[in-house]
Amino acid sequence: MGDITALRGVWNIVPTPFLPDGALDTASIPGLVRFVRATGVDGLTILGVLGEAGRLGDAERSAVLAAALEAADGTIPVCVGVSHAATDRAIAFAREAQNAGAHSVMLAPPPLARPTDAALRRHYLAVAAAVDLPVVVQDHPASSGVQMSVEFMAALAAEAPSCRVIKLEEEPTPPKAGRLVAASPELIVLGGLGGEMLLEELGRGSHGTMTGFGFPEVLVAVVGRWRSGDRVGAAAVFDRYATLVRFENQALLNLPIRKLVYQRRGAIAHATVRAPGMPPDAGTVADLEDVLRRVGLDRHLAAGSVLPELLAG
Amino acid sequence: MGDITALRGVWNIVPTPFLPDGALDTASIPGLVRFVRATGVDGLTILGVLGEAGRLGDAERSAVLAAALEAADGTIPVCVGVSHAATDRAIAFAREAQNAGAHSVMLAPPPLARPTDAALRRHYLAVAAAVDLPVVVQDHPASSGVQMSVEFMAALAAEAPSCRVIKLEEEPTPPKAGRLVAASPELIVLGGLGGEMLLEELGRGSHGTMTGFGFPEVLVAVVGRWRSGDRVGAAAVFDRYATLVRFENQALLNLPIRKLVYQRRGAIAHATVRAPGMPPDAGTVADLEDVLRRVGLDRHLAAGSVLPELLAG
Amino acid sequence: MGDITALRGVWNIVPTPFLPDGALDTASIPGLVRFVRATGVDGLTILGVLGEAGRLGDAERSAVLAAALEAADGTIPVCVGVSHAATDRAIAFAREAQNAGAHSVMLAPPPLARPTDAALRRHYLAVAAAVDLPVVVQDHPASSGVQMSVEFMAALAAEAPSCRVIKLEEEPTPPKAGRLVAASPELIVLGGLGGEMLLEELGRGSHGTMTGFGFPEVLVAVVGRWRSGDRVGAAAVFDRYATLVRFENQALLNLPIRKLVYQRRGAIAHATVRAPGMPPDAGTVADLEDVLRRVGLDRHLAAGSVLPELLAG
Amino acid sequence: MGDITALRGVWNIVPTPFLPDGALDTASIPGLVRFVRATGVDGLTILGVLGEAGRLGDAERSAVLAAALEAADGTIPVCVGVSHAATDRAIAFAREAQNAGAHSVMLAPPPLARPTDAALRRHYLAVAAAVDLPVVVQDHPASSGVQMSVEFMAALAAEAPSCRVIKLEEEPTPPKAGRLVAASPELIVLGGLGGEMLLEELGRGSHGTMTGFGFPEVLVAVVGRWRSGDRVGAAAVFDRYATLVRFENQALLNLPIRKLVYQRRGAIAHATVRAPGMPPDAGTVADLEDVLRRVGLDRHLAAGSVLPELLAG
């Protein structure tokens, strides 16, 4: 198993690029990986919920996986979403990820009509046993419909140490982050949800965040200052961009906004959200431009720009 | 397009057979198709929700499709579930079904966070335009999370006549069946939900049922009598087996019970439900045996038996 | 505390009668209580979910409570629904019930955005401590949105013995009934859900049922035979009426159907469901008449008839 | 009917004060009303969801209503939440509000198992016909479980002009605000959700916000600048406090945080949330203090302070 402790800091959930007609745009993947790596994140996660993994065919999944891992080429660790309704299929996805060189996999609870701890544990343990990779436990009831207690996740981690990384997205996240950290010093707790509660999660002992956000540099700057002991500086960066974080993290609009930002920044060729998903309405596009201008990020929409001044100070 | 009016009477939703280790059991498919055909149903439907389609990989789907169509060999029409979160993928599934010789496809609403009529219509129209097959509109809010109004479905059918078959599973079904039939004489309304309200649905003008049930002969006998004008006889058959229908249609247990019945009847080699699904508990197995004995169907569990006496009278 | 073991057998959830204009019809309550008592049930439960308790004002609740207890007059025990979103209000309701002479109270989980075991336990313990009455724990996730584990309910009963009666309505009920009974010999498990799984619940060790049903005599006959050791006879009665049980237990229609049956049987003056609830559509009324005729209960719709022949044999 | 166009600008949803033991604290209500009025809001709304109306008994509701209206004494208009599961009870609440001198009432969809437009319309029209007051339509699917389309709300407003004020809380709110405004110039659209999307809602043509927030002055300042044409100034105020808005608007924690802020500001004597609600955890309290300090509002926690400098500039 790779170094599980690499799962900290900022991991960016990358979107899956599509062509205007909805076909997979694998040609954009190398540039996307380079772009994300250049933002200074600690890792990237592909094929997550906001990577539209649920809208891909199996061959498309494999193509995204192969292209991303080839582009990463060992220069940045890659976590791969492997969630599936069937345990066997999640295992197949996890093995494919391992064979392709993934650092870790991310697994949400399967859609169980009656999600008991026993059924969840079987699913997680089966996947964990099938690969020699960290298994990030995705705790996102809004998409999975499953609430996992602190006690369940701590017990799972004790039983299968590769499952000791939690992507915490049950709101409100800060108190649960605190309870998870208190439950076991072994747990690695990462936030999500667009980074909206990043500062407070860090304050409760979280180890970083694994989330999509159009300007990962902001999150990198917050976490970097925090880790270096500069909590005031971390908060100052966070608060400065809080209005953007809030804006991007709108229900239903977060992915279209994020893909538009990535496209404007040159990371992907098209902002297409796969149907029946929709592009943002014109008002939302105008609002995005307005908020970017207000926080001074509009000038960083030129291709390839990576905000060194933000990272610097 | 094949004859859309073939979508009436009794269509059996067939389960997908798995080996004890969870692997796909394609070897069981020819026998399964023969078994179902011998029950006298008008058609069969593969890869539905209770066909565990959501637990299959794409290659497994293709294998089930190919095996079922080859086994049917034109002797019985086959409807193929093609539901997917992405419009493009549903289209790909539908085209694959058409190429394999399917009679029709079945399509549930995609999982939309905000399911508007406009988004649903786009999804259905895109699939309908991509193939020359009837598209059965699956109205099952319990699994899709989407409620479709009578007005929506009637308008959709007017716009795309291939979408004028409704698999109605929004409870309570009888009143909605009546409203659908009243909304347009073009609509073909099929019930579902294990046949639990079959009699009342027919009474409101439904055209039959498309559902899983371990003894399809019972539903065939009910619908046959009804169609021939023998409503009293139809009710007598239904009421006699109502306690079994009620028992099999239990939440979460319906699929495990049904697979067990199919296995006992020799239709499939194993009753395996794919993990994280579970087999029925011992008490449920005992209850099944008890209720089958009470309604006199226990003696029909021998391999291949098809209840000619039920069909006869 | 009254005899908690009286909570077994058949307890009928009685509807709340309204006048055609929606006003409370307290004048019907004495006759309703007499009617239900004459069906041979062991107790009756007022102000439950299907007693439309949520549609009453506090003064109306008090009026129903007073009228029902006065009518019961100690001749039959009365359980009173006291569910409320606030712990203090549930306590106030429970005390009012105790003062009026109730045998027991019924309490559903409060609507908690994040229902943890700790919060549920606090709510139940506070109500249990405030009165000297059995507290029936209503386990009905479909209305409460809360799933309670067997472990939680067994632990609660161990901590507060007055909370050891479970009204079990988490589907599928038979396996959970078995697990509850196995978890603690102290638990008293009652089914519900219109009696649809009564037979199988008894088979797993349940102690009866607390449910609404238009012909409580049927349930009384089933449980009576079961208790006397005549399981075959119990099943025969159940199966004979299974088609009616299934029909009445339709989602959304169960209450309108039940009130209509009660009105036809002379138990209440009007079948009114309080707005925005609606009466059954004409087709459902016709279906009811048809199914009653088929099971031979149509002739028992005359006022006051109580099916002695069913009870007899 | 009072002037419906008064429903614009900022209306503060006020919390209901409780004593530490959970009893209603009517003594705090006059000070609460004075405090809110002094923040410069256009009106206040009592007995809303975050006013914990669902946790009150009818007599308690009446006490809050009487105390608030007496304290307001015509100096500030008061909107009264009258939502109830029964149409008759909502009418009774609305009449009581009218008799007490309320400016308007607020009504959420009733909890209907199958919320059709027809049933919703009947409920709204019945309440609107019963009083001579504006009826604010609360569009908050997260608490009501009901999604209302733009078409439905526009048609309702056309049929009952007193229902033409929408409290819009279906996320994402900005696009729907734009669609509502475009659907009819008669509609008055108010945001909510803690003000988190206030700026973007105004940009789409909303008329203000009706929401709880611990520092209503911030919202007043944003809306005031916007109305005077100073959009840049409005955005500057909003962005400065966006990190606080985001923090307070956390799921489940919003009410406990808000009550704590109100208590610290001297508006209410105790921050008690009625059980089974809970106070904020210690970490959340610390986080609140931290974020208040960062935005410079910590020094305004002294009793009675109303931020004249914010209002000034």
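Chains: A, B, C and D, in written order; residue numbering restarts at 1 for each.
Rule of thumb we're sticking to: a contact is a pair of C-beta atoms (placed from the backbone, for glycine too) under 8 Å apart; a residue touches a chain by one contact, two chains touch by 3 or more.
In this text, all values refer to a predicted model and were calculated from it rather than measured experimentally.
Student: Rotation angle, subunit B onto subunit C: superpose the C-alpha atoms of these two copies and give the value as a multiple of 5 degrees.
Tutor: 180
Student: Examine where the copies subunit C and subunit D touch and state whether the two sides share over half of their residue numbers (same) or under half (different).
Tutor: same
Student: List the centre-to-centre spacing of subunit A and subunit B in whole Å, with centres computed as mean CA coordinates.
Tutor: 38
Student: Please report how many Å separate the Cα centroid of subunit A from that of subunit C, as a whole number.
Tutor: The mean C-alpha positions of subunit A and subunit C differ by 48 Å.
Student: At what distance in angstrom does the C-alpha mean of subunit D lie from that of subunit C?
Tutor: 38
Student: Please set out, as single numbers or ranges, the residues of subunit B touching at least two other chains.
Tutor: Residues 114, 251-252 of subunit B touch two or more partner chains.
Student: Write out the stretch or stretches of subunit B touching subunit A in their complex.
Tutor: Of all residues in subunit B, those touching subunit A are 22-23, 52, 54-59, 84-89, 92, 110-114, 119, 122-123, 126, 251-252, 274-276, 278.
Student: Sort out for me which residues of subunit A touch subunit D in the complex.
Tutor: Residues 171-172, 174-175, 178, 196-197, 200, 203-204, 235-236, 238-239, 242-243, 245-247, 250-253, 281, 283-284, 286-287, 290, 294-295.
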